[in-house]
Each structure stands twice: as C-alpha cells, then as structure tokens.
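What follows is a set of structures to go through.
Common to both upcoming complexes is chain A, partnered first by chain B, then by chain C.
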Partner chain A sequence: MIIRVAVIGNPNVGKTLIFNNLTGGRAHVGNWPGKTVEKKEGKCLHKGVEMQIIDLPGTYSLTANSIDELVARNFIVEEKPDVVIDIVDASNLERNLYLTLQLLELEANVVIALNKYDVAKDLGYEIDVKEVSTLLGAPAILTVATTKEGMEELKDVVMGAAKVKDGKRQFLISYGKRFDELILRLVCVLQKDEELSSKYPITWLAIKILEADEEILKLVDKSPCKHEIINQLLETKT
Partner chain B sequence: MVAKIPLTMLSENEEAVIVKVNGGMGLTRRLSEMGFTYGAKVKVLHSSPPGPILVVVRGSRIALGRGVAMKIMVSLEADA
Partner chain C sequence: MSEKIKEILGEDAEVAFAERRYALISEILPRILKGVRPLTRSDLLDKALLNKYLGIPIFLALWWALFRFTFDVSAPFSDLIRMFLSKLGEISRVSISNQQLASFVADGVFGGLGGVLGFLPPIFFLFLGLAVLEDSGYLARAAFVVDRIMYKLGLHGKSFIPMLIGFGCNIPGVMATRTIDKEEDRILTILVNPLMSCSARLPVYVLIGSAVLGGYAAAGIYSMYVLGIVLAVLMALLFRRVIPYFKGKPSPFILELPMYARPTLRGTFSHMWERGVLFLKKAGTIIFLGIIVVWFLSSYPWEAVHHGDNFLLENSYLAMLGKGIEPIFRPLGFNWMGAVALFFGFIAKEIVVGTFATLFGLAAGGTGEVIPALRVSGIFTPLTGLAFMAFTLIYIPCIATIAVIHRETASWGWTIFAVVYGLILAYVVALAIVGVGGLFGHV
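Here is the complex of A and B:
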C-alpha cells in the first residue's frame, strides 16, 4: 500500500524543506515566498511503508483567486490524498491557522506540523500542542525543519493518520445562527445531486456557494438541483 | 472621529492600523486572506511612487500595487 501525502502551507513556512527532509530530495529551497510554483513529487520509505509525498505551492487560502491556489485546492479536492500535512509557521500562528481551518472544512485528513518552533521559542511563545490538537481535532506536532527535529515523529503521525482515513472527522465552524441554518438547508438540497455529493464535501460546497466561489458556481450551474438551490437562496433574502 | 488615510500616504517605516477596506467583495476577501483585516497593524517598508508598496502585515512581507493600497484605509492613532 502506498500512502499519498500532500504537503501544504502558507508561503515561506518551510514546506519544501520538510519535503526534502522526508524524501531526501534536493528541491530548491529559497527563503522567499513563492519559491515553489508547481507541485513536486517524491518518495519516502518509513518502517516498510512507502509514502508518496507531493509538495504543493504555498497559499494563504483555498479560494479560486489564482492559479497556484487552484492547483493546491484541486489537488486536495479531486485527487483526495490520504493525508495532508499542513505546515504552520509556529511563530505566526494567527495568520497560518486560516488555511488550516479551510483544510478542515474541506474534510481533508489533516496532520498539523508546527514548524519553525525554534523561532517561536526565541520569540517567547509557548505552544500547548495537545490543546491545539484537541481544539482542531487533528494531530499536531512540533518541528524544526532546518535541524530535522520532529521528522521521524511526523512520519509516524502521518502513518497513524492514514489508517484512520475513513473515520471522517466532523469539524464544523459556526458562522452564526442565520448562516448555519442556511448552510444546513443547502446541504439538504445538495445531497440530492449524487454526482456532486460523492465528489465534494457537501458542507464545504454549501459554504463556497454562499461565498460565490467562481469554480463552484460553475459546477452548480450544471447540477440538476440548480433551481432548488436558487430557490433556497431567494427564500432567505426575503 | 479618527483620521482615515489610504495606505499609500504612509512614508517608509511608518506604522498604522487598518480601519477599512474600500473594495468589492472579491478584493476584500482576497486582502483579508493575506492578513489585511480590520484592526491589523501594517508597517511600510518600502514605497517609491508610482511603483508598488512593500508592507509588513501580521508577520509577512507583502507587496501591493498602488491602486490596491489606495483602497486600504488606515489610521495612525493607536486606539483606532
């Protein structure tokens, strides 16, 4: 069995360095954002299990704003990797966790690597890893990619996460009562479209429809449930 | 009443707080994803009109076109 693992994170958090550490590869690492513009693949053997690692371009979010974001998003939505390693800059948690939330909403099998922990420590931050893991409902570990700290642990956690793949995590963010109700109603309609609901996480689709995400609206336009969805949205307006 | 000025009016090394983004839905969302949200601190690192402007926001360096930066309104007062 080969475990397919995607590496994702904000620009300049150390994705490629971790990718190299895992695969023993020599992808170019640069200390500036936007170094990786296309996806790279590598292999890694850990305790007899083969892992295929895919390095994705850095992105702040998973909307359809630009090509690199779309590359990252389509990969996660359509190729459905077994595990997604979300690399988070531990010295800058607030900005980085936005992407984490989006990944969780996408119902990806997320493992959080709190990288640059040495920098965070120098800044005087103390991170309660267990609490991060409990709050987000995903395993989290501390890493320092430059000194390869936490790499073995990361591989173990990835392997563990790959096994619980089918035990879907239910992670819901509340957008306030009005929106939550609307999202729920849209979910009910979307469930009737088997093609869409088998391919995409439904709650995520509903949220993206409300965000007027271009790519998703194109999909919905072809759906047999199109009119029902529009009706639901119109009903709310009045 | 706090004085609102566009981000482009700051000089290099000046720091301010974002009070408003005058953009459509797409731009507002895009900017908020990059960290330009209400109450966030920005510092101008480099600005040479009419070129782009380099700022630090939430720990990341980001270059903005002058047109986009004009739409970000900031206040120099700390309690804005």
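Here is the complex of A and C:
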C-alpha cells in the first residue's frame, strides 16, 4: 500500500524544506493540469512503507479567489489524499491556524507540524503540543525543518494517521446560532443529492454556499436541490 | 446564484465566517501557548506605526518629511546643474557660426533638455527617500494602515502596492496590478493608478512651485501628492458605485509584514540608482525628441520669428498652435504657453518643463534660467500655478502609460475611458481651484 501525503502551509513556513527532508530532495516537477502552478511530487520510504508526497501551493486560506488556493483545495477534495501535513509557523500561530481550521472543516486527515519551533522558542513561546492535538482533534508535533529535527517523528505520525483515516471525528466550528441552524438545514437538503454528498464533505459544502463561494455555487447550480436550497435560505430571511 | 445568496444573507456573510474562525483561534491560543512572549522592538514600533488612530497621521507626517527632504536637499544640486548647462549654452551660442544650428544647440539641447535635467536631483532624492522607507520595512506597514481605509472604501487592499509603485512611475504601477486576483478589482486599480503622482510630474511641481508659490512651494508640492491619493480613492469609490461592471465588494487579502531592518547603504543607493537611471534614459530618448519638436515649432518659420535683431515668438508655429487651443484653457487662467506645454506634455510630462525652458530660453536669448524667467513672465499667479500643477497631475497619463493600460486591460474601451475621464477630471479640478480661490479673493 502506498500512502498518499499532501503537504500544505502558508508561504514562508519552511514547506519546501520539509518536502525536501521527506523526499530526500528528489522530486518530479511538473504543472497542475491546465494550470501554470508548479506541482512537485516525491517519494519517501519509511519503515518499509512507501509514501507519495505531493507539494501543494503555499496559501493562507482555501477560498476560490486565487488559482493557488483552488488548486490546493481541489486536490484535497477530489484526490482525497490519505494524510495532509499542515505545516504551521510556530512563531506565528495566529495567522497560520486559519488555514488549519479550514483544512479541518474540509475534513482532511490533518497532521499538524509546528515548524520553526526554534524561532518560537527564541521569541519566548512555549507550545503545549498535547493541547494542540486535543483542541484541534489532529495529531501535532514540533519540528525544525532547518536542522531536520522532528522529521522521523513526523513520518511516524503520518503513518499512524493514515491508519485511522475513517475513524476521525468531525471538527465543527460554531458560527453563531443563525448560521449554525442554516448550515444544519442545508446539510439536510444536500444529503439528498447523492452525487454531491458522495464527493464533498457536506458541512463544508453548506458553509461554502453561505460564503457564496463561486466554484461551489457553480456545482450547486447544476444540482436538483438548487431550488430547495434557495428556499431554505429565503425562509430564514423572514 | 451568487448574487441571490448575497442578497438574502447580506454582503458580509463571508466576513462574518472569517471573523468567527479568527475568534476561535484567539480562544485556542492562550491554551496552547505557555510563556509570555516579550515585546520586541519591532512589536513596539508596530504598536505605534500600525495604531488605529496614529497610523495614518504618522504615514502623512513621514510622507511630508520625505518631500521636504527631497525639495530642500536637492535645490543646491539643481542650481549647480542649471548653471553648468546654461554656461554650456552660452558658449555654444557664441562659438557656432551657423545661426540656426547655434539656436538648436543652445536653446533646444542645452536650454530645453537642460531645463529637464535640472530636475534630476529632486527625482534622485525622492527615490533615495523611498528606498529608505521601503528597505526599513515601513512601506509594507503603510500598505497595511491604508488598507483598512481602502477596504472600507471599496478598493482592494492589494491595490495599495501598485499605487505606491505609481509614485515612482505609473507604468510599473499598472503592471503591478497583476497580483490582484479579481479582474474587476484589477481594472479599477489600473484606472486610478495614473492619479498617483509619478516622478515625471515632480519637475513640473518644482518649477511652478518655486516660481510662483514662494515659501509655500513645498506645501504646494505635497498637496499635489495628497490630492492624487484623495482623487484616486474618490474615483474608485465613484466607479464602484456607478459602473455596473465594478459592483460588489473587493476580496479581502492577507499582507505579510517583513521584519524591520536597518537599510544598508549599498541596497538603498542601488535602489535609488536603478529607478533614477530610468529617468535619465527617458530624458535621452522620448523627452529629447519632444523638446526638439518644441524647439522646431517655436523657432520656425525662421524668417518670421527672427525678425532682424528681434525675436518674435508670437510668429512661430508653436504660437499659432498655442493660440488655437488657448480658448479651451482660458477659464483656467492658462495662457497659450501653458496650453502648448500641456499639449506636448502628454508625450511625457517632463516635456511640460522642457517646453517652458525652451520658450523662455529663446525669448531671453538663452541666458535666463527657467524658474526666475517663469516668475518674471507673470503668466501664472499662485492660484493659476496651483491649478496648472493639479491639471498636470490629473490629465491624460503619458503615452507610455496609455500603452501599458491598453496592454494590461486588453481593451480599447477602458483605455479610452482612462484618457477621457482624466481630461474631464483635470479640467474640473483646475476650474474648482481657480473658482474657490477666487471666492477667497485670490487671483
């Protein structure tokens, strides 16, 4: 069995370094189909298990506003990699965790690598890794890509995560009473469309509809549930 | 469908979702981060520079300091260059026997082009100041501070960077809009970019300001930059409201703030040099060509203009052209010289200065320097001078910028629109300056 692992993170978090550490620097470089965005793929052999590592574009979020973000998000949704390594700048958690939350909402099988831990320590931070795992419901480890610290552990954790793929609990963010109710209603409607609900995480789909995400709305436009969705939205208005 | 959802939920649903996510992050953070991060010097600086209320005044104050610096420090250097070139002009006039050739070299080359080159120092010092602000990490913070306002006004936050670049030159400014994802946001930013006062306008401001604004010259120049920013914002706002194509909200963006750094001598000077040299190249090519045309039109028909010992500029082709278009500018208080200067200025705005330099040089027999000559001629009052500066700022972007606008929007429609709205706006603003000033008893 080959484990398919996607690597994602904000720009300048050391993503390329970690990719190189994992793959030994040997990568196949090409383009994402039909896009001018570079795609890198490499292999990693760990304890007799082969992992295919795919480097996703560096992004701050997963909206439909830029090609980079769309490429990353479509890969996770459509190709469904076994594990997604989210590389987080430990010295700048506030900004970096935004992407983490979006990956969790996307129901990706996330492993969080808190990279640049050395920089964070120099700044006076101390990070409670266990608490990160508990609060976000995803395994987290500390890494320093420049010195390869935590790389072996990262591979172990990725292998472990690949096994528990289906038993993951869902990560839900509360958006306030009005939106939470709306999301629930939309989920009920969307479940009826088997084509959509088998392909996409439904709660995420509902959130994206409310955010008026253009790519998702294009999909919903073709769905037989379209009118029911609009009716549900209209109902809450009055 | 997207429109419908926005209509039902209101425009801000996406922002509300993002806010909730950030709120959740702030709840999580204190539980996972042990140990308190001490405030670094960078944090303290950011606290002041990025402050909600202090940020903008600090930005404006630094900008003001930059222009005072540019204006004051460069003045003696400019004087030196002008003196040197006018000496060269005198020498060549005496030593060349052919009258027409002597006039060409003395009035056209050393007078006209020299008039433009005299403004090399302020341009270099402006770029020096900008390089210091950029290399220290402040410029990115200025973008952050201004973004808050811009977003509320309906301009994309990323448009601030092209706007800042536009202060150097509108061409790279327009090209830098490529970083903006949404086509509507991008075109809107392109359309207002020429309102950013590029370095080519600076010579015009310095010339008119020094000649007629007296002690208020620096303030007048500064006000042009502020006017440009204000108009850009107002126009963006207007276009967003009025033109259906731009309806909707700009997409939010994340800006990464670089660490503060002490600018290095080498880095700063190489930045200044790279940009300054562009001006020199331009002076050697398109500006030079424009000035030759101006010299030719103002010296010919030779017999009619050089009547015996008298120099009759009124008989030149240039005067005919100028008097033809003068009526358009009469309400603004510009005479025919101002009119032709603006006419040729659309090739490159430095030519406005070159035109004045050639005209006064010819009239004074090549001995006069352009700033005192303009002051003595009395063709501008402080008020019409200010109106002329504003007109130069706003009207048609130069030819090269128009070409880039066409290339980047891939549309003749938007290109023509950019030119036409610029002309109308320039006229209206200049008229308003003259009109309002008149109300307060100035002429």
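The rule is short, and it goes like this: the second predicted complex is superposed on the first by the 226 of 238 C-alpha atoms of A that agree within 3 Å, B and C clash if a C-alpha of one lies under 4 Å from a C-alpha of the other, contacts with A are read in each partner's own complex, and residues count from 1 in each chain.
Throughout what follows, a residue touches a chain if its C-beta (ideal position, glycine included) is under 8 Å from a C-beta of that chain, and two chains touch if they have at least 3 such contacts.
Everything numeric here is computed off the predicted structure, so don't read it as measured data.
Colleague: Quick one: on chain A, after the overlay, do chain B and chain C clash, or do they fit? Just give me the call.
Modeller: Here chain B and chain C cannot both sit on chain A without a clash.
Colleague: Considering only touches as defined above, state whether A:Thr147 meets chain B (first), chain C (second), both or neither.
Modeller: A:Thr147 contacts neither chain B nor chain C.
Colleague: Considering only touches as defined above, state whether A:Ala212 meets chain B (first), chain C (second), both or neither.
Modeller: Both partners, chain B and chain C.
Colleague: For A:Val220, using the defined touch cut-off, is the partner it touches chain B, chain C, both, or neither? Pick first, second, both or neither.
Modeller: Only chain C is touched by A:Val220; chain B is not.
Colleague: Could you look at A:Gln191 and tell me whether it touches chain B, chain C, both or neither (first, second, both, neither)?
Modeller: neither
Colleague: For A:Asp128, decide between first (touching chain B), second (touching chain C), both and neither.
Modeller: A:Asp128 sits against chain C, while chain B stays out of touch.
Colleague: Looking at A:Arg95, would you say it contacts chain B, chain C, both, or neither? Reply first, second, both or neither.
Modeller: A:Arg95: touches chain B and chain C.
Colleague: Comparing chain C with chain B, which touches more residues belonging to chain A?
Modeller: Of the two chains, more chain A residues are contacted by C.
Colleague: Which of the stretches 27-35, 45-53 or 207-215 of chain C runs into chain B once the two complexes are superposed on chain A?
Modeller: 45-53
Colleague: Shared contact residues on chain A, chain B side and chain C side combined as an intersection?
Modeller: Comparing the two interfaces on chain A, one with chain B and one with chain C, the shared residues are 11-12, 60-61, 63, 65, 94-95, 98, 211-212.
Colleague: Going by the contact rule at the top, pick out the chain A residues touching chain C in the complex.
Modeller: Where chain A meets chain C, its residues are 11-12, 60-61, 63, 65-67, 93-95, 97-98, 101-102, 123-128, 131-132, 135-136, 173-176, 179, 207, 209-212, 214, 217, 220-221, 226, 230, 233-234, 236-237.
Colleague: Considering the complex alone, what residue numbers of chain C touch chain A?
Modeller: Per the stated touch rule, the residues are 1-2, 4-6, 8-9, 13-14, 16-17, 20-22, 24-26, 28-29, 31-38, 40, 181-182, 251, 254, 256.
Colleague: For chain B, which residues are in contact with chain A within the complex?
Modeller: Its residues touching chain A are 25-26, 29-30, 33-35, 58-61.
Colleague: Report the residues of chain A in contact with chain B in the complex, numbered from low to high.
Modeller: Per the touch definition, chain A meets chain B at residues 10-12, 33, 60-61, 63, 65, 89, 91-92, 94-95, 98, 211-212.
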